[in-house]
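Sending over a structure as structure tokens; questions will come in a sec.
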Amino acid sequence: MIMLVVEKVKKSFDGFVAVNGVSFSVNKGEICSIIGPNGAGKTTLFNLITGHLRVDEGKLAFKGIDITNLPPHRICRLGMGRSFQRTNIFPRLTVFQNIQAAVLAHRGESFNFYKPVESFFREETQAILGRVGLKDYGDMVSGSLSYGFQKQLELGIALASEPELLLLDEPTAGMSAKETHQTIELIGRITREEGLTLLFTEHDMEVVFSISARIMVLHQGRLIAEGLPEEIRHSPEVQKVYLGEAR
Amino acid sequence: MRSKPVVLKVRAFMPDPSFLLIQSLSGLTYAMFLFLIASGLSLIFGVLGILNFAHGSLYMLGAYLTYQFVSQFIDAPGQFWWAVVFGSLSVALIGGVIERLFLRRLYIREELNQLLFTYALVLLISDFAKIIWGTGQLSVSRPAILKGAVPILGQYFPEYNIFVIALGPGIALLFWLILHHSRWGRIIRAAALDREMLGSLGVNVNWLFTVVFTIGAWLAGLGGALVSPIAAIVPGMDVEIIINAFIVVVIGGLGSFWGTLLGALILGQVISFGILVFPRLSMVFIYILMAVVLILRPWGLLGKPLQR
Amino acid sequence: MFKENWFLIAIIFLLALVPLSDSRFYIFLGTDILIMGLFAVSLNLLLGYTGLVCFGQAAYFGIGAYTYTLLMKKASFSFPFAFLAAPVFGAVAALIIGIFCIQRTKIYFAMLTLAFSQIVWAIVFKWNSLTGGDNGIIGIPFPQHLDSPTRFYYFTLVVVVFSFYIMRKAVNSPFGRMLTTIRENPERTEFIGINVKLFQLLAFMISGFFSAIAGALFAIFNHSVFPDLLFWPHSAEVLIMTLLGGMYSFFGPLVGAAVMLYLRMLVTSYTQYWPLIMGTILALLLFFFPGGIVGFLKTQRLFSREK
């Protein structure tokens, strides 16, 4: 079954065309990645898919439902989860409260005005903390965590919404080789265990080639190549775009 | 066929054209003061990102200090002009000191802190002025060369006001030249677009902020200095002008220079005629206009949408 | 958790004893503090909990005050009806104004709240026939069964405690937690499935509701209403109270109100330069005590515990 369909999507800012007629689809259970040099439009594309930006032209469909220009919270409720390029957590809340908030929202308790919030979903929250490797860090103020742990927390928040499609925007940005390896292992394991569909952007080619089933290459807002890792690795167009971007 | 009373009725309805012109010129005069203050406000907001509540207070200080200098330079030739120069420069200096010593320490905090500090300044400056100059009305006489009035269509209009009306665009032009044709101007415009970028280009952003704040303060001080012969120098003039300056900046566009001039001209005329035509509604209308602009086009008529 | 509740009950008990001192001064001050405390805490629902910087809260205070006054004096409604109508009007006003304001963020939001508050002020100021304009409306009596300062003090105490109870429940509930996440990161909150604008609007309405109650109480307490109640320095004053007490705690603004009103009473008996003092306090707060009084006390306690 097709999870996500992106059809001729276009977006400009003040005359500058950031995404120029991009079309692709992602099947259920696939792990796909989008690569491309800086400024290629990857984050903009993500923002369009998740509803944070409005498309100028084109259509988007998720699980067969038309999500073009729906507000982000509706798209999230349909089963999409996302992490952001710059760490996006709730800094003054504790790690536990971060995840708990996402669980509360997901389970429809957000309009509960009277019961004390501490008692809700304690076990479920602890379980998620455990899955992303933050089991003992629950009481720490999330803003004081190290960068790597914050990224793990972000993954946890995205998972709390029990998504079917997970969008990760540069999940290993700024990490050391060891952290990168751990993160990719974690993501790969969770994806397999939950049967998630994964779409992510990355700069680290090793990561991309190690877990992607399919790779899409974006350059100056256009999709210039799409295919299996081997095809992409040997594609002359891609090599031209990446000359000088060895990893 | 004789002319019917209808003609008389129309004439009673239509006010004297010379009266209209005078009102319009008064609105224009007020607009120039609004422009001086609002442009400083807009400049500071554009570059530093701070909405300076204390800008009206700096204006008031400009007026009070001009009064002070005029009293010092009794009977000196050109006393008024010297007072204006010293008065506005003093306010500029005060502004620079405030930024350097106090405001700068709040930059790392959230914006609310900076905003509230400028409000604290409003309270402090207002009471300091009362302590030093009392609560009565003060005034300054017009300079000798501009003491007269010019006849326009049968009514008289003060020469001094005409000078102010001419000065406004003069200063606007001067600033436009600086902003678009000098290195400093380019830096200021760049800072308004992207502060962090500028720092990495090797520009001393701290000094830039101090300079910009000082210039903004000078403009406010100049406005106050020049208004001293026309308006009563009195506590409360700070609060009265800052709200109108906000409205101008909103209508014209936070950070847009020509927009500020346009906004000032519009508001000047609205206030001038509003009092006559719809005295009850004009005040409400002004605030509704402010709200409408903020809702529909918050970057004002000529500004650009904020990227932040 | 339980310790805290006992502490609160003790405070309420102490507050209930105030009139026994038979001092008109303390009853007066106490009523004032309770009313302004309610006003400040309701503002903090927006500021401290939802992260919405609001410059126009005085509008709802004033609407509450004038609604009660006009319904009682001009329309001769009964006291319970007029008193309950005030917060309803406040919430409706907050709904209408809020719908427009939440379309924008940060500085534009703040200026919009200011603009709307000024619109309301200008309407009240100019609609002489209805509101008495600049002269305000005077001669508002105590309601029939509350016709003494002491009785009215107890009424205020009950109303304020009850209001705090409701607001506190809301703030400590999942709904309140959602507001906090909006404060921390609205973009992220959007993508855990929350309609951020809807929640902001709800917070706006609740805040307007309770600010209007404070306004209605004030109208009776002050026996008069004036347009000044809606003028923007009044919004600034309550904002300062909130920060003085501490915006990241529930009762912080109440503490701030108490301290500020007490200080004002002291200072104005010696000098007319209260704004100077207030400005200095605000500046000191901003530079040295960003957490306000309660924030400061919390860090002190932390110190001694971590020995």
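Should a chain be cited, it is by its letter among A, B and C, assigned in written order, with residues numbered from 1 in that chain.
What we mean here is this: a residue touches a chain if its C-beta (ideal position, glycine included) is under 8 Å from a C-beta of that chain, and two chains touch if they have at least 3 such contacts.
Here the structure is a predicted model, which means the values were calculated and not measured.
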item	value
Steps in the shortest chain-to-chain touch route ending at chain C and beginning at chain A	1
Most remote chain, CA-based centroid, reference being chain B	A
Nearest-to-centre chain - CA centroid comparison	C
CA centroid of chain A to CA centroid of chain C, Å	42
Where chain B and chain C are represented by their mean Cα positions, the distance between them in whole Å	33
Gap in Å, rounded to a whole number, between the CA centres of chain B and chain A	49
Touching residues on chain C, where the partner in the complex is chain A	169-170, 172-178, 180-181, 184-185, 187-196, 199
Touch list for chain A against partner chain C, complex	50, 52, 71-73, 76-77, 81-82, 84, 88-93, 97, 100-102, 104-106, 109-117, 120, 157, 160-161
Residues on chain B engaged by chain C in the complex (per definition of touch)	51, 102, 105-106, 109, 111-113, 115-117, 119-124, 126-128, 130-131, 239, 243, 246, 250, 254, 280-281, 283-284, 286-288, 290-291, 294-295, 298
Contacting residues of chain C [partner chain B, same complex]	53, 100, 103-104, 106-108, 110-112, 114-116, 118-119, 122-123, 125-127, 232-233, 236, 239-240, 243, 273, 275-276, 278-280, 282-283, 286-287, 290
